[in-house]
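In the two assemblies presented below, subunit A is common to both, partnered first by subunit B and then by subunit C.
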Partner chain A sequence: MAKSNLKKTFLTPLGKDNPVFVQILGICSTLAVTNKLDNTLVMTLGVMFTTALSSWTISLLRNWIPSRVRMMVETLVIATYVIIVDIALKAYYPEMWKQLGPYVGLIITNCIVMGRIEAFALQNKPLPSLIDGLASGMGYAYVLLIIAFFRELLGTGTLWGYQVLGSWWTSWAIMIMPPGGFFMLAIFIWIVRENFIKEETNE
Partner chain B sequence: MSELLFPLAVFFASIFTSNILLTNYLGMCSFLAVSKELETSAGLGIAVTFVMAATTSLNWLVYEFVLVPFQLEYLRFIVFIIVIAAFVQLIEMVIERYSENLYFALGIFLPLITVNCAILGASLFMVIREYTFMTSFFFGLGSGLGWLLAIMAMAGIRQRLRTAKIPYGLEGAGIALIIAGFMAMAFMGFNGMISIQ
Partner chain C sequence: MKTQSFYAKRIQPIVFMAVVTIICIILTAALHLYTYDQVKENEQFFVWRSVLDSAAISHDGTPSDVVKLFDQYVTEDGDMYVVNTPEHGRRFVLEQTGPGLWGPITVMIGFEDDKTTLSGVSIVSQTETPGLGARIEEPWFTAQFAGKKGPSFKLVEEGTASQPKEIDSITGATRTSDAFKSIIEKAFVLAGGL
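And now, the complex of A and B:
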């Protein structure tokens, strides 16, 4: 019983309750780096790390946090993990750190992190909270990786920096510029909603 | 560019060519959620402009005179967000005390602003681009005005779209993102005018 619950906790954010295309949360900070696959991967790993561990921490502390200052405590916990991500990235991967610029810090205001804490971690035990946070981060990550895949492929003809499409390919410059991100996300949401979400409500 | 003109250039650039919403995707959450009515959008936009101009200046002072001398730059995320939250709280109390009308017009938006990524984003950009105090203030003000411009344009378009028939999958966020995409393309037209980095 307990095991199937955990499995459900893990699977819901990946599909039915996906933070991006169902709840439309948290696209702020990460959409900006989806013009390249490697940027996106590093950024989403940072989000996964932060969501999972801050959910876990808040869940451990949930009985001791006075509800009046709960937002402040949550923000501080999130910011602590984001600082860890930032420092680690700066130390081991300085080039990437430079490219991502302020966006690593903006994970703090990513609505998914705070949203999962408010909606889940405050009422649940540490382990399910950790899994919920991790799964939400993953549900978020794969959507953005798909978007980044198409933006990089169509925008520059490369994947992960390697030339994939031959010289016959005319790069769609618009895809790596800001409007491309908006269009790709809209198209993705459209396809998913038309094909999957509708069927579920009809059943 | 001369010392005097640079803040002004940054001001215009942050409204048009590097609009914080349309080129950096910051503040998307409240942008998508609130842009259904013109009036509420204007209220939120004005509140964002005000808070952004004030917090970029405040954060600049804190960063330059507290964090840098003590070599605590790595704490900037926490410190900036605390400054923003405290400032918003303070403004809320001041407005509530002195102007009831303004409180009803803007008060409900203020708590939303603490978690608006654009506000923190503006402060972080300011640090990375190493702006001076004057430039930071104009950058914050310009970014806020740019955000206001974008959300009001969006609200105007969405009000017109209310009667339009939209495919099921695109209802709500989908169509809003497509409009934002077109708006971003239109704003790219300003590119030749001015640019900052």
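And now, the complex of A and C:
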């Protein structure tokens, strides 16, 4: 029973309860960092790290946190993990840190992180919370990578910085600007919802 | 509904919050101190690499090579770096900051000994639009400045610059191109006064 529950906890955020295309959370960073694949990968790894470990930590503390300071503790824990990511990037991957600029710090305000803590980690044991956080981060990650794939390809004709489309290709500059993010995200959500998600018909 | 004791209601949240805060601070501060030297080294590496790039000194991009070449050829003279190499003679490098479209752009600008010919430029930091203005960091854009003669330039359509005073602008980033041009021109004024 416990096993199948863990599996369900892991799979739901990847599919039918995906944070991006079902819950429509984390849109700010979805629009901001998806113009290149390598930015997106590092950003999503940071989010995965943060959601997983902050859910786990809050779940460990859940029986001791006084409810009136609950959100302050959550924010503090999230911020700590995000700063760890930020410092680690700054020290060991400075080129990427320069490119991502303020967006690493903005993981703190990513609704997915606090959303999972409030909705899941406060009521569940540490291990399921860790898995739930990690899976939510992964659900976020693959959606962003798909969007980044199309934005980078159409916007610059490259993938991972390598030229894949020939010189005949005219880059669509709009794809790498914020509006391109809106278009790609909307198209993606449309396609996924139309084809893969069974909507509840009764209102 | 059970009433909470004074302790549970008032004291415990404060104590709990304080303890969590202290733990978090200790963690991040420790990590900061642990990586401090590395971060400083990175910052210096970026600046030094820019100096070498703008003076058109070739290097293999590794920190050790950059540090070695910098120690060997570069001396700092006030705000200016003097780069002296046997094959290129004397070159000057100035750091210049100016407003871009979104935020400041900081550029290292290298001059030949005559102070009217550019040996190269290299971006230290910028916050322009990714994919548009941020393309000032791309090699094709910075490379075109080598050998151009100042002190004033003319922006032409991307890919059409052919004269010593013409610069390719970036399509879709007119304001960034303008800003970049004026930063370079300002550097000539400064360099002339040295």
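A few comments on the model shown:
By our rule, the second predicted complex is superposed on the first by the 196 of 203 C-alpha atoms of A that agree within 3 Å, B and C clash if a C-alpha of one lies under 4 Å from a C-alpha of the other, contacts with A are read in each partner's own complex, and residues count from 1 in each chain.
Methods note: contacts are C-beta pairs under 8 Å (C-beta built on N, C-alpha and C of every residue); 3 or more make two chains touch, one makes a residue touch a chain.
These figures come from a predicted structure and were not determined experimentally.
In the superposition on chain A, A:Y92 makes contact with subunit C only, not with subunit B. In the superposition on chain A, A:L11 makes contact with neither subunit B nor subunit C.
Legend: residue contacts after superposition of the two complexes on their common chain; A:R193 is shown touching subunit B, with no touch to subunit C. Contacts of A:M177 after superposition: both subunit B and subunit C are touched. Of the two partner chains, subunit B is the only one that A:G105 touches; subunit C does not reach it. Here subunit B and subunit C are compared by how many residues of subunit A each touches, and B touches more. In the superposition on chain A, contact of A:L31 is made with subunit B only, not with subunit C.
Once chain A of one complex is fitted onto chain A of the other, the partner contacts of A:M72 extend to both subunit B and subunit C. In the superposed pair of complexes, A:I83 makes contact with subunit B and with subunit C alike.
The intersection of subunit A residues touching subunit B with those touching subunit C, taken from the two complexes, comprises 72, 76, 79-80, 83, 87, 101, 177.
Within the complex, the subunit C residues that touch subunit A are 8, 12-13, 16-17, 20-21, 24, 27-28, 31-32, 35, 38-39, 42, 45-46, 125, 127, 129-132, 171-172. Taken together, the subunit B residues at the contact with subunit A in this complex read 22-29, 32, 74-78, 81, 85, 114-118, 120-121, 124-125, 127-128, 167-170, 172-175, 177-178, 180-182, 184-185, 188.
Only residues 35-36, 61, 64-66, 68-69, 72-73, 76-77, 79-80, 83-84, 87-88, 90-92, 94, 98, 101, 155-156, 173, 176-177 of subunit A touch subunit C when the two sit together in their complex. Here subunit A touches subunit B in the complex through residues 24-29, 31-32, 71-72, 75-76, 79-80, 82-83, 86-87, 101-102, 105-106, 108-111, 114, 174, 177-183, 185-186, 189-194, 197-198, going by the rule given at the top.
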